[in-house]
Amino acid sequence: MIIIMKPGVTRGNVDHIVEMIESKGLTAHLSQGSQVTIIGVVGDKTKLAHSNIEIAPGVDRIVPVTESYKLTNKKFHPEDSTITVGNVSIGPGTLTIMAGPCAVESADQVMETAMAVKKAGASMLRGGAYKPRTSPYSFQGLEETGLQYMKDAGEAADLRTICEVTSIHALEIAVKYVDMIQIGARNMQNFELLKEVGKTGIPVMLKRGLSATVDEWLNAAEYIVAEGNANVVLCERGIRTFEKATRNTLDLSAVPVLKAKTHLPVIVDPSHATGVRAYVAPLSKAAIAAGADGLMIEVHPCPECALSDGPQSLTFEDFEQLCDNLDPYAKLAGRMFR
Amino acid sequence: MIIIMKPGVTRGNVDHIVEMIESKGLTAHLSQGSQVTIIGVVGDKTKLAHSNIEIAPGVDRIVPVTESYKLTNKKFHPEDSTITVGNVSIGPGTLTIMAGPCAVESADQVMETAMAVKKAGASMLRGGAYKPRTSPYSFQGLEETGLQYMKDAGEAADLRTICEVTSIHALEIAVKYVDMIQIGARNMQNFELLKEVGKTGIPVMLKRGLSATVDEWLNAAEYIVAEGNANVVLCERGIRTFEKATRNTLDLSAVPVLKAKTHLPVIVDPSHATGVRAYVAPLSKAAIAAGADGLMIEVHPCPECALSDGPQSLTFEDFEQLCDNLDPYAKLAGRMFR
Amino acid sequence: MIIIMKPGVTRGNVDHIVEMIESKGLTAHLSQGSQVTIIGVVGDKTKLAHSNIEIAPGVDRIVPVTESYKLTNKKFHPEDSTITVGNVSIGPGTLTIMAGPCAVESADQVMETAMAVKKAGASMLRGGAYKPRTSPYSFQGLEETGLQYMKDAGEAADLRTICEVTSIHALEIAVKYVDMIQIGARNMQNFELLKEVGKTGIPVMLKRGLSATVDEWLNAAEYIVAEGNANVVLCERGIRTFEKATRNTLDLSAVPVLKAKTHLPVIVDPSHATGVRAYVAPLSKAAIAAGADGLMIEVHPCPECALSDGPQSLTFEDFEQLCDNLDPYAKLAGRMFR
Amino acid sequence: MIIIMKPGVTRGNVDHIVEMIESKGLTAHLSQGSQVTIIGVVGDKTKLAHSNIEIAPGVDRIVPVTESYKLTNKKFHPEDSTITVGNVSIGPGTLTIMAGPCAVESADQVMETAMAVKKAGASMLRGGAYKPRTSPYSFQGLEETGLQYMKDAGEAADLRTICEVTSIHALEIAVKYVDMIQIGARNMQNFELLKEVGKTGIPVMLKRGLSATVDEWLNAAEYIVAEGNANVVLCERGIRTFEKATRNTLDLSAVPVLKAKTHLPVIVDPSHATGVRAYVAPLSKAAIAAGADGLMIEVHPCPECALSDGPQSLTFEDFEQLCDNLDPYAKLAGRMFR
């Protein structure tokens, strides 16, 4: 931690800070410039957590030196992690495709989709049974019945399953049915939910919040890992910006940024990011080229009839063609696929 | 709802849409331009909710005509609402000041603060017992013990109390201790929590999400009201933008925008919005001038020692002076205060 | 300047940096932490400007300690500046209202508006003769003819005049007609134009760029002042965010932020910020309450007929009523007005 | 154009609008819903340009149906354009790499870089002679001398050259030296400069403004094409968002969006977008996979010594390796390269 003092600070102000630091058993290093005095703090800075040095007299600002996330930080765990979900490995050397409808609507819809996406190359089935919708008057999901459909379809098609949960109650039910839990963008900082999912130990995919920085995202992942659950995968799904040509702005630079900052695998969801079916294919290729460990893609037997997010869903034919086109990109990236 | 067709659309494409509309018992109005065909839909558009017309062949885009929020919409409830919390009225003609520490730290801290803010002019006591913190290693709150301290201090100082809840579990406990519930920015779209707070009937203050549009915010409020709880107050607390000179960017234009779109009262929180103590006073005055029904201000007996958000907290002296300075602004706005 | 080294850096990496620093005649202060080494640089850091230390081996990042703007920086000029435009003073103790049409359309339109806004309380006449329009097919302004109309109207109504220029060519013409030059948001970082306006010495109002941070804005002002023209006024006019309920998001917190960082006066333009006539009055009051030195307001004899930005323009009656309502706010802020 | 009326509008209000429309020789189509009345306007809407219908009594809002850019619009020019710069073709079937230093610093630096990037696979040489810098105290460029160095190096290495201009004056000089003109992000809406570059007929690369929407960007391109210069290439270089892990946020979804909306070629600049050397390679691959027609990459003989943007520059070795790695991505995209 570095403390930058205001110009014209008094000797007394500086001494006061130095005393605060040393009283906690830490060491203060003074750099006296022509205009500005800087104090470097050496030692375990958590001891200063509640000192609010930044409002002590004469202090201009504080610059943190180390990140607050530790368990998810690549600096302390340089090797990339592989997360296993049943027989599926997410991480270096593999390309994991999670595909399925935005919302589970019926047993047939899920079963039919599971068979189609398995055949095309997906290794996991996605589907929403608890839907966080902007308006209370939109379709909210089939809940436990939907989870049963997912389980049946996953078993029939030999696909691992992933479902979003939006509350602790839903989590308690979902762990009985699905292989992996998704925390959606709106709940990325629902810390109570993160702690609970951390206690279950089940593999979890944590989507980036609409306006979450990479640092906040990794701190949210830290909540899960700190409870003892290291099976965390991150999912970039677009951030909120001024641009409205796409629903959100897919931040593909987050992929190499995450690869530099954390050892956790990274999945990209181009369907939710863009909200437009025609943009899913080019951005899927781009995501693999940027280094993603997998993709989450919306597929629906009849996008025109979907109860949720139809406009961004691929048909079975679209999805099969997409997988064929992704094949050489996976090979270039040195990733096993299909 | 208006459907804008692509240039060069075929007669068959248009007929297909018209049939879809009429098959639901609605009426289609055609406007045939030189370049573009437009179809207006007349009737109850919820019947078309799952038709996904935007991906039917030949469709360029859909333009919604009416807002999806109804109960919170000023168009259907033109009179401004007043929400009562015990003997406190929030709404037209009053200026409600909610003040207190970011986090409840001890019985003494809360009691002392309650007495000081009451004396200066606050009518409600704020304090966090469940703290949503970016890092899992930061202070997370005293929970039920903190709620008891709030209750004791509120009763002693004759102040109504407000506390944030971050889970359904916390909500169930908090309703036993406090007069008003706060839903924080990170939980604005925690729809399960919104529904539960809607069922309780307790007055609730809904903070704006960091990247929530006014429309999404009013839809979130609609979740609460749709469960039968009309006692909702909105709180503008800054949005996330590229600017980092303040912690968030306080969007004071949201105050007149909300006054035009909804009948619910609006509170402004300049402490969290800016994160800087020196900016609280000018923006408090500005909020009243812009039409706010009240303010939420952080006050701490010793900001230098605060366990959370010390740098943005006012001392008792600061707060007393602020209230004195706000007095003429309240009068100008025609609002009762102190 | 502070240099933060990566964890596990070698002794050689650190020595290399220290040599670079000392070879320029500067001093390096080392703080050796348990995890991280920090190097403080003491002396004139411009000597290191092109050293690109941040990509030297072992460097994690660089933290600048002092701002790059000097002449506009309050740290070095603690007293607030007053800028004079003829008999008008912009700065502490006064409230300057600049009013007039978005675009100059005819001699009559400008003359009529000048008389009306003078009567209501404005001291300066605004009007656009060079209009930067998003589409090349929109009305682009009357250019020199428009400037002549402004000059005539300003003289007749005893108002000082301000006009935007969008090129060096326009600047050369405008200085012959108007009392103050406006640099618009789109040209805030048109550095060639800033340098030229700096050479003229004419009073200039620099609007904030749509996505400019306060630091970038003050650096842009520094371009003008560095050329010898200290007569600079800043104008907050809304920034671009995700929110679309207003055209831009008026950042009123920028007012106290600027008051803390610079000695230059600050004007607020609620007309362009919101794009909606009904929001101009509440945000004008709020701007004064937040500490603004003046307002820029669009007024048009017939907003329904305006060639540009009619929807945000006030009628003469609206404007007169607004000025009446602003009176007590000016008094509260200790500012002379009318 | 569609006009949406407020609920409870009077018959008179509607008649007034219909008369306005018909008085201009246009046709009005009425859709009378249960809650809302909608008026569709058929005919040449430019006749209504200055009518400001949105503030007529009873009007809620206006929805434009067609884009304001015409010459750059794919709807009217469905075939993708190829722009030729000497013997270089930018467009379908080719991958154009523009490489070179951020700033031209010396004859040797440019010559050496030109030889290296040519050998590795670039077909164009980039280099800045006029540098728009945030601070007036940063290096501003060698100007005409720098252009001469570019010309010499381009001829010696058989590379076409591209240079940014920041004013009409610089443009007049630059056209004598370089093969293609760059308009930088800060000048994307410097409309006077756009018009002038439109008159020259020289090939021009228009970078996206920091906070420009795709629509504003295409309108800016329209300014150039409307003056008779159809040789326009667009360059995505990152937009400004809340995320600070990269200098800007590279919006790769803009590539497929542009491919859907315009016939102009699209280049991606990952160097300026990220500001970090290590992220250039993964995002270059991703850009090609997303459909880009080329890349602009910063290369410097000694990034540690660069006068501008060293941290994001590749060394010659880095660049050669990058080109080797891009080869299979170009082939997959069906693009000729090297």
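When the chains are written out, they are named A, B, C and D in that same order, and each has its own residue count from 1.
Quick note on the criterion: a residue touches a chain if its C-beta (ideal position, glycine included) is under 8 Å from a C-beta of that chain, and two chains touch if they have at least 3 such contacts.
This is a predicted model, so every value here is computed, not measured.
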More C-beta contacts across C-D or across A-C?
C-D
Rounding to the nearest 5 degrees, give the angle of the rotation that lays the CA atoms of chain B over those of chain C.
180
Rounded to a whole Å, what is the gap between the Cα centroids of chain B and chain C?
31
Whole-angstrom distance, CA centroid of chain C to CA centroid of chain D, is 26
Centre distance in Å when chain A and chain C are each reduced to the mean of their C-alpha atoms:
38
Out of chain D, which residues touch more than one other chain, so two or more?
211, 240-242, 244
Interface residues, chain A side, partner chain C - complex:
2, 4, 7, 29-36, 38, 40, 42-44, 63, 65-66, 75, 240-242, 244
Can you check the complex and tell me which residues of chain C touch chain B?
211, 213-215, 239, 241-246, 249-257, 259-261, 273-274, 278-279, 282-283, 285-291, 328-329, 332
What does chain C use to touch chain D in their complex?
46, 49-52, 54-56, 68-69, 132-139, 166-170, 186-187, 189-193, 195, 210-211, 216, 219, 222-223, 226, 240, 277, 303-307, 310-311
